[in-house]
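In the two complexes that follow, subunit A is the common piece, with subunit B as its partner first and subunit C second.
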Partner chain A sequence: MFIVKYIKEVFNAVKSLFVGLRRTGYYFTHHKEIITQQYPDNRDTLNLPERFKGEVVMPHNENNEHRCTGCTACELACPNGTIKVITKFDIGTDGKKKKAIDKLVYHLELCTMCNLCIIACPSDAIVMAQTFEHSVFDRAELTKILNNPGSKIMEGVE
Partner chain B sequence: MWSFSKIADLVHQSLNHTFSPTLATIIEMVIVGVCVIGLFAVLGLVLVIMERKVSAWIQIRLGPNRVGPKGMFQSLADTVKLLVKEGMTPSGADKFLFNLAPYIALIVAMLLMAPLAFAKDFQMWDLNIGVLYVSAISSVSVISILMAGWSSNNKYSLMGAMRSGAQIVSYELSAGFSVLSVVVLAGSLNLNTIIQSQADGWWIFKGHIPVMISFVIFIIAVTAETNRAPFDLAEAESELTAGFHTEYSGMKFALFFLAEYVNVFIVCAIGATLFLGGWMPFHIGHWDGFNHVMDYIPSSIWFFGKTFFLIFLIMWFRWTFPRLRIDQLLNLEWKYLLPISLFNILLVTAMAILGWYF
Partner chain C sequence: MVEEIGTTEEGDLIINVGPQHPATHGVLHLVITLNGETIKKVEPHLGYIHRSIEKMCESLTYRQFIYVTSRMDYLSAHINNHACALCVEKGLDVEIPRRAQVIRVLMDELTRIASHELWWGAMAMDLGAFTPFFHAFRERETINDIMEETCGARLTMNYMVPGGLMADLHPNFQKRVKEFITLYKLKINEYAELVTGNIIFQNRMKGVGYLSAEDAISYGCSGPTARGSGVSCDIRKLYPYEVYDKLEFDEVLETEGDSFARYMVRIGEMNQSIKIIEQLIDNIPDGDFQAKTKVVLKLPKGEFYSRVETARGELGVYIVSEGGTTPYRIKFRSPGFSNLSALDHMARGSKLGDLVAMMGTLDLVIPDIDR
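Right, the complex of A and B next:
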């Protein structure tokens, strides 16, 4: 029975190799379907997958309003201290003092695009953008302030 | 009609007319040497671009497409880059052996060119023990790898070289046995006689199943002997950085690279000569009409076509199969290939004696 097992082993090994060869042979003969992008040439038509994580941005609506309450959950969630939330106190419409963000400082040069801040954010104020051409000549340009100047919190976001 | 053998005859006659026979022989040797170096350069360029294109298409990529039309001059640009780079020698290295090793690798490849028949009656050296010569010289190539690994004074290089030694020594056995099966059938060690014996059909068809088995074993063994994936343990880019040529740079590295590709060409040429009839056109038994049509295709095209088909096969293997571990590698040789090829050579011998081939 040993010899039967031996021959079976050889046969199965050869068969599995042929399965692999058939697959790559198919790819070789059908080289119309290309998975790589011709990047600098197709910059205008570049299609990135939805899950691509380029940098953290804070979306604003047309009235220059964002959804950030300044709760610093993202700052606490960040493993390498990329986000710094500077808060201030606004006087609300009802005359009460209310906590709001002054600046949300984002250090792109420290960010590893791990997505933990986006997960931690309770009010969906920050999202991952699909931009990826981040090279600059001055390192200071990589430290960004995410909220627009003069922006305020959206109505109804607590 | 022009053919390689006619050009060679013409050169031979005109040289003998103008010079004394000794001087003519020396000049012919120089011409042959220059031709071999030229062939090396062309082969290096063509095979590198072919490898990169084949690998790209197999991996659903485009491959090099910037230099020249469809990226066809990429390997030329790479060669220029390698030529202008500095050839470093590490301070702890054995300088003499370190600088000698790439040349040995290249000289072995050059010597292996000698008995190959590139076209009908076109051969550098028609020697009566061609097959023995090839198998003897090809085992010298391990010396250059061991030399490079040892003299680099680097543990990765030494490990790569030792693996390569174990690998080449074991795989030479099954390569030898598979070559021997054709020698048994043809009854000669002369490569020309072996080609002539395939005039009524190539050995892979005439010798049916046993020769096909030895052809498969031959392809596996030569892939291992030329240190190509899936048997590239000597280089093992992911584990040993680059194995025996970790410390080499510039033109010395290029010589190793060139020798690898020329070796691939040579083993494929040997395989084509032994199993697929070398320059012999595709003939079927006594179908004279069909055979005449096939004879119109020049013999050099047949030879290079078969050789490049085998090279493509080996490249296809490289980009499909994962690399073997060193224990799996030696298991494959000693537990599977060697018993199978020993049994196979017995079968072929019985077949040759009883005349059970076409």
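Right, the complex of A and C next:
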């Protein structure tokens, strides 16, 4: 019967709309299922996972010593030319000349956080930090020198 | 090349959709010739996001070039990296550990679900329903959090490297994936309630954008676009890589060839991906996550090709090596480009309003088309 089929179709169509509306209404009345995070108000409680790739940093210990030997493995591994290692020659305690880093220049504006430099580093001198709010007003601020002024290489790192 | 403004000699109207248009999901530029409201011709103009990724890759070493491919099809970044890593491994002739293979498949399937969820939300939004977008992002967020914990990034992970993986799994990974599976099974009914069963949605999708199986083959369509027309083209089934040949899953096929069939294929694929993850998540073998490779990779002289199934279709990576540390020529066969070429054929004769539904079911990612 054509009429019965037609009415059935109309009924099913209206029913399908109400099924969807019921789901919408469910969330309208159940506020606890809302998962929106109120960034930046929740900055204090925001925890990023320890593997998050935010920017490259060089950790220093309390004596202002780092682990970088200036081998330029990170510079060679980087696909974008983000890292530039400038080396100098220190005169050690035994009077011999020893290669050390003068500056490790890091261009955050070029970095794609691919993690290849961290893997390439043989002495674990650089790690990824969990910072992510990198916006600045002046582009020059994004070019960073990773080693602290006056820092030295840690004893025993070759 | 047609004129981009005005009317043709026959009096047909020419309108431009894009490059900045919310329904094209990126910088796709369509020049549409209209007779009244009927589409006579659709001509995609590309090049607005061309970054010459293939040429960039030729100046980078075999370890470095993989990160760039995350930026092609950013919604299935893992699978792009996987294809490149497979191709380099083929050239190096290394066997990667079984643990790495299983983790790679797990990550691929999680990415596939995340990609299809975003597609589902964006598809419904194109057709005028805004709420499903947030529902889809709720589940996708869980996958992004899992990726963030293990790979360190949410979209451009660069986790698969030649020889295996960049890092081992995070200790929480299994627990969180199981939580996601529970959440997904709880929420997948909502998808059917909100969109699939909706009469307005069905009427806008059924019979719209018909693509026959012959046309799907001749235009080189792959992935859900071709499977909606009944063409069996799942690379995971036809040319299994990693551990896919030992897994139980179905290739989702629909034979109608219209937009609704393509929609149902993608919904079915999400369920199949969950099935694959459930089989693997408790059976991750112990062992190394990386095979031993040299620091500087050199491929022998020759040509290498690998193919994988991304969320959009078949991705092929073709490397010509001259024996050095960088590829001599690299070519990506991206699924989006071939799928887009079928749009003109699908759209001819239909109304302008249906074009959005067709583009939605093709699941276009413009950086993948342009590279």
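Please note the rule applied: the second predicted complex is superposed on the first by the 121 of 158 C-alpha atoms of A that agree within 3 Å, B and C clash if a C-alpha of one lies under 4 Å from a C-alpha of the other, contacts with A are read in each partner's own complex, and residues count from 1 in each chain.
Simple rule for what comes next: contacts are C-beta pairs under 8 Å (C-beta built on N, C-alpha and C of every residue); 3 or more make two chains touch, one makes a residue touch a chain.
Just so it is clear, the model here is predicted, and its values are computed rather than measured.
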Quick check on the superposed pair: does A:Phe28 touch subunit B, subunit C, both, or neither? Answer first, second, both or neither. first
Look at A:Pro79 in the shared chain and tell me whether it touches subunit B only, subunit C only, both, or neither; answer first, second, both or neither. second
Which partner does A:Val4 reach: the first (subunit B), the second (subunit C), both, or neither? neither
Contact-wise, after the overlay, does A:Asn115 reach subunit B, subunit C, both or neither (first, second, both, neither)? second
Scan A:Gly20 for contacts with subunit B and subunit C and give back first, second, both or neither. both
Please indicate which partner A:Ala140 is in contact with in the superposed arrangement: first for subunit B, second for subunit C, both, or neither. neither
Of subunit B and subunit C, the chain that contacts the larger number of subunit A residues: C
In the superposed arrangement, does A:Ile91 touch subunit B (first), subunit C (second), both or neither? neither
Would you mind listing the overlap between the subunit B footprint and the subunit C footprint on subunit A? 17, 20, 23-24, 35
List of subunit A residues in touch with subunit B within their complex: 10, 17, 20-21, 23-25, 27-28, 31, 33-36, 38
Which stretch or stretches of subunit C touch subunit A in the complex? 60, 63-65, 67-68, 131, 138, 141, 148-153, 156, 158, 166-167, 170, 190, 193-195, 197-200
Under the touch definition given earlier, write down the residues of subunit A that touch subunit C in their complex. 12-14, 16-17, 19-20, 22-24, 35, 48-49, 51-53, 77-79, 112-116, 119, 128
Touch list for subunit B against partner subunit A, complex: 54, 57-62, 316-317, 319-321, 336, 340
